[in-house]
Amino acid sequence: MTLVAERLFMSFGGLLALDGVSLTVPDGGVVGLIGTNGAGKSTVLKAVSGLLRPHRGEIRLRGRPIHHLPAHAVLAAGVAHCPEGRRLFAGMTVEENLRLGGHLRRDRHVAKDMARVYDLFPVLGERRTQRAGLFSGGEQQMLAIGRALMARPALLMFDEPTMGLSPIMIRRILDTIALLRNQGTTILMVEQNALAALMLADHGYVIDLGRTTMSGPGTDLLADPRVRAAYLG
Amino acid sequence: MTSSFVRDRPVTEAPSRREPRPAWRSAPGAALVLLGALSPWASAVIPGGAYPGLATLQFFDAPYLVTGFRLHLLLLGLAALLPRASRAAGAGAAVIALVHIAFLAALGVLSFGGPVTLAGGALLIWLGRREPAPEWKLPSRALAWPILVAAFAALLWAVSAMLTAGGQSRATNPHGGAEFLSFLGFAVGLFGILSAYGVLSWLSALAERHRAFSLTVLLACAMLLPLTEAGTGYWMTVASTIGIYAATAIGLNIVVGLAGLLDLGYVAFLGIGAFTAANLAHVVSFPVAALAGAVVAGLLGVVVGAPTLRVRGDYLAIVTLAFGEIFFRAAQNDIGGLTGGANSIPGIPPITLFGQGFDQPVGGLPAGFLYYALTVLLVAGTMAVLANLKHSRTGRAWLAIREDEDVARAMGVRTGRAKILAFLVGATLAGLAGAVFAHKLGTVGYESFDFSESVTLLAAVILGGMGTVPGALVGASLLFVLPEKLREFSDYRLMLFGLALILIMRFRPKGLVSS
Amino acid sequence: MKSKTTGVLSALLAVVTATGTSACAAGKTETAGSAGGCDTSKGTLVVGVIAPMSGKLSAIGLGIRNSVQLAVDQANAACAVKGYQLAMDAQDDEANPDKGAAAAQRFADDPNVVGVVGSYNSGVARAIQPKIAAAKLLLISPGNTDPVLSRGADFATAPKRQYGNYFRVVGTDDLQGPFNARYMVQKEGKKKLAIITDGKAVGESSATEFAKEAERLGAQIVIREKVNENDSDFSSVLTKVKTLNPEAIFVGSEYHVAGPLSKQARDLGLNVPVSGTDGLFDPQFIALGGKDGDVATSVGAPIDKLDSGKAFVDAYKKKGFSDGYGGFGAFAFDAANVIVASAGKVTASGGWSGGLEQRAELIRQVQEYRTDSGANGTIGFDQYGDSVNKMFTVYKVTSGAWKDVLSDQFEAK
Amino acid sequence: MSTLAQQIVNGLVLGALIGLIALGYTMLYGIVQLINFAHGEVFMVGAFGAHFVSLRLLPADTPWYTALPVMCVTAVAVSVAVAVAVERLAYRPLRGAHKLAPLITALGVSILLQEVVRVFYPGATAPLAFPRAFPDGHLVLGPVTVLWTGVLALAVAPLLAAALHLYVERSRLGRAMRATAQDPETARLMGIDPDRVILATFVLGAALAGVGAVLYGIHYTQIDTAIGFQNGIFAFTAAVLGGIGSIRGAMLGALSIGLVKSLAGQYAWGGAQYDYVWVFALLILVLMFRPQGFLGRPERVRA
């Protein structure tokens, strides 16, 4: 088991954001979280990556508790978080963004990994000295993924990676995620596009009002009439 | 404008999984405090003289009798046995112990009881229970009124005791400073205990429900202050100075606390009101001069507020700082012959009403009472303005701007107009206060309006609690009483003051009265 | 729940009552007995001090405080006020009129206070005067030089005493400014003069009086500029002054401005003497950049030319204060001695009640006070409360130290 | 003409010295949006540290080329130590508090530091003469004279600003600082520890202030406990004028302030007594018409 989250509770100013969410991400698998807006999906990712601290509950990475660690220590432990809205450093170049992705790394393979990102997304390599803010949405998402990869994570978390992209770009990004899975990266992704998420996921969780309401293999959920009614229209 | 980085950190409360601690755990700490209270406080013979030579140290002269600080410690030690009170009582005892250890150390004497009490206090703080205060039901009106009267009477007593603690003269009571700080420690403990049991929030909720009644009683209590031990000409003078700054701070609270516009040059409006009134003092009567001061300050408030249409956030703060500096320099250079420059404007007559000079004593009341009464009314008036605005349409517009200006505009708030209105109201109130300031002091010079005064006012608003009605009053009292009381420490006075600012922000970053 | 509430409330009530009684009980004990062999059975009398003891002027303020402390200690040792112990109560006014006024009110209310030495700043004095007039509290200033304080706004043409309880032991600007001008114009032969002030009352009024006299003597004031007291960089102003080629610069300020200003003038190639009043007369002036040829005038004869002055300096040094006596310590010492001596006379026949009658009597005693053995020589007061000592001395920086050049009685012309 | 040239040089020297303080303000504000009013005091304690080492520890006949580096190192060490202590003890506990709380804390720190130096440093109740640790005398360029210390300030300040700029642009830590300034939350996701970045910012700012303090001391030959506050306000104004967050902007803003103060004293209405008024009037005008300052980014990346 790569990641286990147990009974997470969290509230903001009296509003309960997480109400006992539990989930498990197995090694090498892809887990999808689906749910409506404000269901608490992003909050789960932020709790895992250390941006937020759950009031109660436990998060373990390979058996080691990480819920009390600050974000930089969580990353060092091997969890990278590719945030919603991409959040690139718009004033910096592609290369600087990638270097920031590998900020914690002191090993000699940073350059090699950067070359690998450029292989994965040739457009980034061509424009490596340009400022990230000048890129299109799809290119920005590629850079965001590349940046997350630079940390060589054991677990990679995506928050709405296809949001606001053209259908072609969505295809492209999902293909990339599939490719990463095939290369052995463990993935936890939040998607509003439930169909896409569940197609890709080995296992899915449906989150509603801060609770896990359903879970099961991706294909099972896809077949479930309640899921179809609520999230697939 | 971007939100501050510091706010992006998780805004979570501390995990509260801890089991409630049993009450008996506070017993050892309480026992130590009691032991400390009853033990002699010096173990060494005082150098340079026989032991009785320091008989004025009242905590030496009767080691086993219950007097002064010893009583305070006994009370705190007993209170510490109550489960919720132990942390606050421990803090109070620790403060008292620290003050006395330091005082004795300054005399070159080792303290014996001090460390014992300090250890007890630390133990209480460490082991005491932390949990949210209980909530109490509000009583019926028949019960509420007497309770409020009693509460305000207690407040009056506390204010008077705080002012007079340690006495007035350093020469005749050389350890007055230590007495005052020690009393402050007791007050901290008492305040904390009341708050731990939810009494304070209960009282303030009660006062909020019966607002009109509370304000009347509060006003009456304020007017009774001269009848207490604090009823000397000196404390009347200090209290009316505090009142003037409090009224100004309340005006600033509208600008900063309600509308969220940081103003670093606010004291200029106090100055404009004061100079206007000073120039008119020999020409027209006080009410007219005061009105003129308020109007002129208000108009200049609009001028200063105008950049708010273009400039936001901290940049606005810098613009106001610049305006404040420009005012200061202009006043220093006697611009237009209006400020007297280096010579200031002397000889401003005291306010007279029905032939009664405000600086003269009336009846058995101390001199300065009339100014005190006037400033109490001024403060009450500005508080009423603030309270009414806060709950008005304009007030809601300000709060919306404070939270997020863009959203406010999207919601249809006319932000430009609202912001300028905030400056107008704030400046007018300060101008009014300035007019009283001029007459009370009798002389107005540019030195009274420098940057550090603006900063002090701002500190009053923030320390008291932004946007709250009593906050500015509490803050102003603290900022002007504390240096006055700390006079006993001459050289260390401002140092202690700086330290106090840091500590208050450290432990109550939302201010003493937070909404 | 209900019973718990009542329990808590009654406990609170008990606490409140108990503390109330204790507050009354506190501070009962009194020092009694004897100190140093004198009879002090009647209690303690307080000499107040109001001076700037923090901020830029704290060196001056601390010098004033320490000198008063010295005078009080000497008086206690000599049993100067029979039956009473003397004590000093020094209050910091931060050179701020509001703070000074509050401190003065505190003294006025306290019947144990016999008199106050203070303030240093004329601006603070203006705020204090009306506050303590009704209480008839004696106020002797060691440092106010603004003539308005004693003789009113028309001090030159129609002098009128402003407050009967106000005295000072220093000479006023309308004497010292002209005295300085006479020296610069007549003795040093400077005909083109520049004036730079710091915007404070002392500097402005001495500069104005300096200018009047200098012009009367045929010199020309080529420029008058103002700098900010908190600045360290005066190069801009000095560059401007330099274009007019003055032969000397009169600085209406204190040494912390004048010293660096003198150095910066020379660095810009404007190598002319700087002149000023007693605010410059401090060893720090030279340390901070004052150069040979710079001039300061000060009130009284040189302190080391007088036996009484030397005695003061020696006694001060012996006390081991951490700060020097500064430019005004000797005046504060004299002022305190006036208070002590007069209080001794008033209390000789009976005790001190602190009533208005006695305070008025004390003021009468001060008015009649006269000695030639103050630290600054003659101490006494004219009908306006001003010092009768119109002796001034010119000091000049010579080989890196102040040297007195001439002392003279000032006579108005 | 010669007067104009002289006034320009006067202004540039003052500006260069203020600029070294302004750099600390601009970096810190750029990263934590904190107006650290205590930064001026960090500068002040640096000056006193240098004063102490020179007068108490170095032999009196130490040549200037030995004394000056020792004083600089001491000033930097003292400033950095104080800044780090202040950050750890006063500001760090306030992360997450309301934005104005650190402002009041900064004021408290400012008062505390001034008073601690005034009361405990021997003689600091009055201005102190600063050791002359640089050749006296001046450079004469035609009609213009500049003290050698002024020349030093004019050379060192822009050099340090350039070095800082390079460091922030090129180094790993500099990149982390820029990332934190742009988007603190995402910076944390990159593994950047905000506490370390903020601490590093305090350290860099304090180090520059320490060097500035020595240059200031040897140029004006006197220091007192108030130099931090006045110059701090000027420095902060300079940082805002130049565009807060921008290193080049801070230097540019400081030089402009020096120039305006100097030239306004000579040529503007009211003379030297109104020079501050012109400085602040310029500030208001710039902010009204170019709210982001000279070199500031018009709109920040983050919403």
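As written, the chain order gives the labels A, B, C and D, with residue 1 at the start of each chain.
Quick note on the criterion: a contact is a pair of C-beta atoms (placed from the backbone, for glycine too) under 8 Å apart; a residue touches a chain by one contact, two chains touch by 3 or more.
Computed from a predicted structure; not experimentally measured.
Compare each chain's C-alpha centroid with the centroid of every protein C-alpha atom shown, and the nearest one belongs to B.
Comparing the centres of all chains, each the average of its CA atoms, the largest separation from chain C belongs to A.
Rounded to a whole number, the gap between the C-alpha centres of chain B and chain C is 33 angstrom. The centroid of the Cα atoms in chain A and the matching centroid in chain B are 50 Å apart. For this pair, chain A with chain D, the centres built from the Cα atoms lie 43 Å apart.
Counting partners per residue, chain C has 54, 199, 226 as the residues that reach two or more other chains. Among the residues of chain D, those in touch with two or more other chains are 115, 185, 273, 276.
For chain B, residues touching at least two other chains, in rising order: 10-11, 332-333, 491, 494. Contacts from chain C toward chain B in the complex involve residues 5, 8, 11-12, 15-16, 18-20, 22-23, 25-31, 44, 46, 53-54, 87-92, 95-98, 101-103, 105-106, 108-110, 112-113, 123, 126-127, 130-131, 134-135, 146, 148, 199-201, 203-205, 226. Residues of chain D touching chain B in their complex: 29, 31-35, 90, 93-105, 107-116, 119, 180, 184-185, 194, 233, 236-237, 240, 270, 273-274, 276-277, 280-281, 283-284, 287-289, 291, 300, 302-303. Chain A meets chain D in the complex at residues 49-51, 70-72, 75-76, 80-81, 83, 87-92, 96, 99-101, 103-104, 133, 147, 151. Contact residues on chain B toward chain C in their complex (touch as defined above): 55-56, 58, 61, 66-68, 71-72, 75, 79, 82, 136, 154, 157, 161, 164-173, 176, 179, 186, 190, 194, 197, 199, 232-234, 237-238, 241, 332-333, 341-344, 346, 359-360, 366-368, 441-443, 445, 447-448, 484, 487, 490-491, 493-494.
Interface residues of chain C, counted against chain D in their complex, comprise 54-56, 58-59, 62, 199, 225-228, 230-233, 235-237, 239-240, 242-243, 256, 259-260, 263, 267-269, 284, 287-289, 322-323.
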